[in-house]
Amino acid sequence: MGWSTAERIVVRGKDLPGEILGHLNLGDMAFFELTGRVPDAKESKLFNAMVVTLVEHGITPSALAARLTYLGAPEAMQAAVAAGLCGLGSVFVGSTEGVAKMLSESSAEEILQKYKRVPGLGHPLHKPVDPRTRRLFEIARETGFYGKHCRVMEEIAKAKGLTLNATGAIGALACELGLDWRAVRGLGVMARAVGLVGHLLEESRQPMAEEVWLRIEEEASRHLKP
Amino acid sequence: MGWSTAERIVVRGKDLPGEILGHLNLGDMAFFELTGRVPDAKESKLFNAMVVTLVEHGITPSALAARLTYLGAPEAMQAAVAAGLCGLGSVFVGSTEGVAKMLSESSAEEILQKYKRVPGLGHPLHKPVDPRTRRLFEIARETGFYGKHCRVMEEIAKAKGLTLNATGAIGALACELGLDWRAVRGLGVMARAVGLVGHLLEESRQPMAEEVWLRIEEEASRHLKP
Amino acid sequence: MGWSTAERIVVRGKDLPGEILGHLNLGDMAFFELTGRVPDAKESKLFNAMVVTLVEHGITPSALAARLTYLGAPEAMQAAVAAGLCGLGSVFVGSTEGVAKMLSESSAEEILQKYKRVPGLGHPLHKPVDPRTRRLFEIARETGFYGKHCRVMEEIAKAKGLTLNATGAIGALACELGLDWRAVRGLGVMARAVGLVGHLLEESRQPMAEEVWLRIEEEASRHLKP
Amino acid sequence: MGWSTAERIVVRGKDLPGEILGHLNLGDMAFFELTGRVPDAKESKLFNAMVVTLVEHGITPSALAARLTYLGAPEAMQAAVAAGLCGLGSVFVGSTEGVAKMLSESSAEEILQKYKRVPGLGHPLHKPVDPRTRRLFEIARETGFYGKHCRVMEEIAKAKGLTLNATGAIGALACELGLDWRAVRGLGVMARAVGLVGHLLEESRQPMAEEVWLRIEEEASRHLKP
């Protein structure tokens, strides 16, 4: 990915101090890592919005796992972030990958035929419209990236009568940007790493993990005690 | 950290679709998570440069650990990123925290007296100047954040005859921005999460982990065999 | 799973100090955790042999990942073990789960029809017989647990002309012992946790991670430098 | 740590199928990994009791973190165990290491002088005696390993008027067995890996993580909503 000598540090062919620092924001740098090229202003706006969407979802299972880990090992915050990331699998954030893979392989009809449960659809709370999807597609239109993958997802959502949720929108937009579907789960992983650091700082100031633990432990063992 | 209803999603008091998406880049969102406020243009430029500096350091132990993990569990990329983050402790990236804590507690004289080994100083390759430090301090001057913590680190580096390395510069700049030292290790953790996703995408296309493993295993067991 | 008062500690209905400590070895305790009952002498012998088989496989990708993590965070050994475990997925140790699930769902004929690649078969080195499989099945015969799942695996291995490897044998034996297939990947996970602690102790005395890292980094960036 | 050819697998100088499988239980194998020699019957009894003590502590923060991780990524159980291990740091299980290190460096008087807070002492529930300590020391007497490190800990506990808890007893016994203090945190890590697999199997049958998450999220965001 890069090399350095006493005087120079080069990342993917660009001089880190001279061409990257002060020029690329963190989202742009992520785009550069995933594609090997610096995004233009439109790509930057859309890509940053996609990742920013995934940073903070409140008290998720992932945030709770990170906070409970921090309670036992406050000296190793990196391990608490790691613990929080371990759960970003098939059930939650990983579904963006499912959407991107599906769209890169199949048409709308094929998807409707093959998939019993289409990833990226449905939301327990945001019905009939996920406000993040609405806004992300608005930015996609503004930047010229609203295209066939977005349309396919909207068509399927309509056919199924389900909300096109934020992970569905982000999976579609990743395809519009030409990202490799194998990198798409990574968008949520990097975004949540940012959010988890925020949770751990909050935990260090206003702890909640200990109380959660003690309550759940008490409830779980109460009926067992003599 | 936030709340949502069917129609609204609010993160730390701001409307996610309306006030955040399309307005904040990923680095700004990280700043917002850590401070509770949106950075102004100068803070945004400096903070993004600091985190971007930490994204990609080539084939680090952390990147190798992530790649070797991905070799065994390619279906769980999030766990490979987590494995890579677990090693960001006292020896490598964690030293930014040490610098920020030290600067928030002691003056230059106190540091020179108390610390045998000052964190943030010395580099095996970048001597006498770390080009990242030079560039980060240039951006700090431009944005008005070059201040007493930067001066203290430069003074100590001079007194010790050692390079002020990038983690030293970032620790000092975190203090200039008023960040809580307990969040500072998190800057490297979130940045590396971005970089590790890049490494894993590369690993999925041009694998190196299997060859590394087989060579090291062969070398490690050769002398034991009959 | 348990409860305690000032004077008593009870795990799954048994008094920890009075009925478990000094009576159950670590493998028995694992069996107890997974089944809710204490193994008899025969179950204990077989189950312990199965898990012990999975403890130490030399310099695996998992052991390397743990050692590289320890290099960066020696103060958080638990995180280095965690990093090593993260890679026990579909490719390596996780295949025991695939075998157990397959055997609990399908007959030999069905397996031969449905599976292109049968888990638990084939080994790059141990051909035509994996010495661990031979020994594990010997213990299974001795203890009365060699049964239909072992026979199915041997039949399929013969039909395919492939070695029945240790993970195939352990998957079959887990079914003979009546273990839930959802716990079977866990056998490898707990066993490797034991082995990884051994690797990290060795790493603390005779380090190899730093040299591995520096060599691979040098090789990976050599061709990029000017 | 080992080597293999087509016909043989050797771990630390012993033939795995011939000398280890069927002869060593999982605790013995752990002892072998940490010391390079097979324990005798007395060492085996004591060492197994020590590790077994640490397997199951009910709904700990570590068990909760593992269960919450499994909720998001049930296909990657190894990552859920990893997440649970990440929190075994300075606050909980890691204190065994503190005890062993302290005892290997200092006498009772030195400890009483130097340490404000002695690791291994105190328990919120088990007062004045931790029933695990009583039982472990009973086994230590039986096997001839009750010695000066146990006495030092008992002396200090008496001087401080605090319970000698199980981690204090295990730290002392690790010293009696001549284990390297750098391996001692690993005893808890391997033991908990066993216990966490048990928790995850239970979670797959009687889930609790989702309910915990939804309740805590609801409580945490209730006061924020308009």
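Letters A, B, C and D mark the chains as written, and numbering starts fresh at 1 in each.
As a working rule, a residue touches a chain if its C-beta (ideal position, glycine included) is under 8 Å from a C-beta of that chain, and two chains touch if they have at least 3 such contacts.
Since the structure is predicted, the reported quantities are computational estimates derived from the model, not experimental observations.
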{"item": "Chain labels contacting subunit A and also subunit D", "value": "B, C"}
{"item": "Cα superposition angle of subunit A on its copy subunit B, in degrees to the nearest 5", "value": "180"}
{"item": "Same vs different contact residues, subunit B with subunit C, by half of numbers used", "value": "same"}
{"item": "Centre distance in Å when subunit A and subunit B are each reduced to the mean of their C-alpha atoms", "value": "19"}
{"item": "Centre-to-centre distance between subunit C and subunit B (centres being mean Cα positions), rounded to whole Å", "value": "35"}
{"item": "Between subunit A and subunit C, centroid-to-centroid distance (C-alpha), Å", "value": "32"}
{"item": "Residue numbers of subunit B (touch at least two other chains)", "value": "2-5, 58-59, 73, 75-76, 78-79, 82-83, 86-89, 93-94, 221"}
{"item": "Graph class of chain-chain contacts, one of line, ring, star, complete, other", "value": "complete"}
{"item": "Complex contacts: residues of subunit C adjacent to subunit B", "value": "58-62, 64-66, 68-76, 79-80, 82-84, 86-94, 208-210, 212-213, 216-217, 220-221"}
{"item": "Interfacial residue positions of subunit C with respect to subunit D in the complex", "value": "1-9, 11-12, 16-18, 20-22, 24-30, 33-34, 44-45, 48-49, 51-53, 55-59, 63, 76-79, 81-83, 85-89, 93-94, 125-127, 131-132, 134-136, 138-139, 180, 182-183, 185-187, 189-191, 193-195, 197-202, 204-205"}
{"item": "Residues on subunit B engaged by subunit D in the complex (per definition of touch)", "value": "2-5, 10, 73, 75-76, 78-79, 82-83, 86, 221, 224-225"}
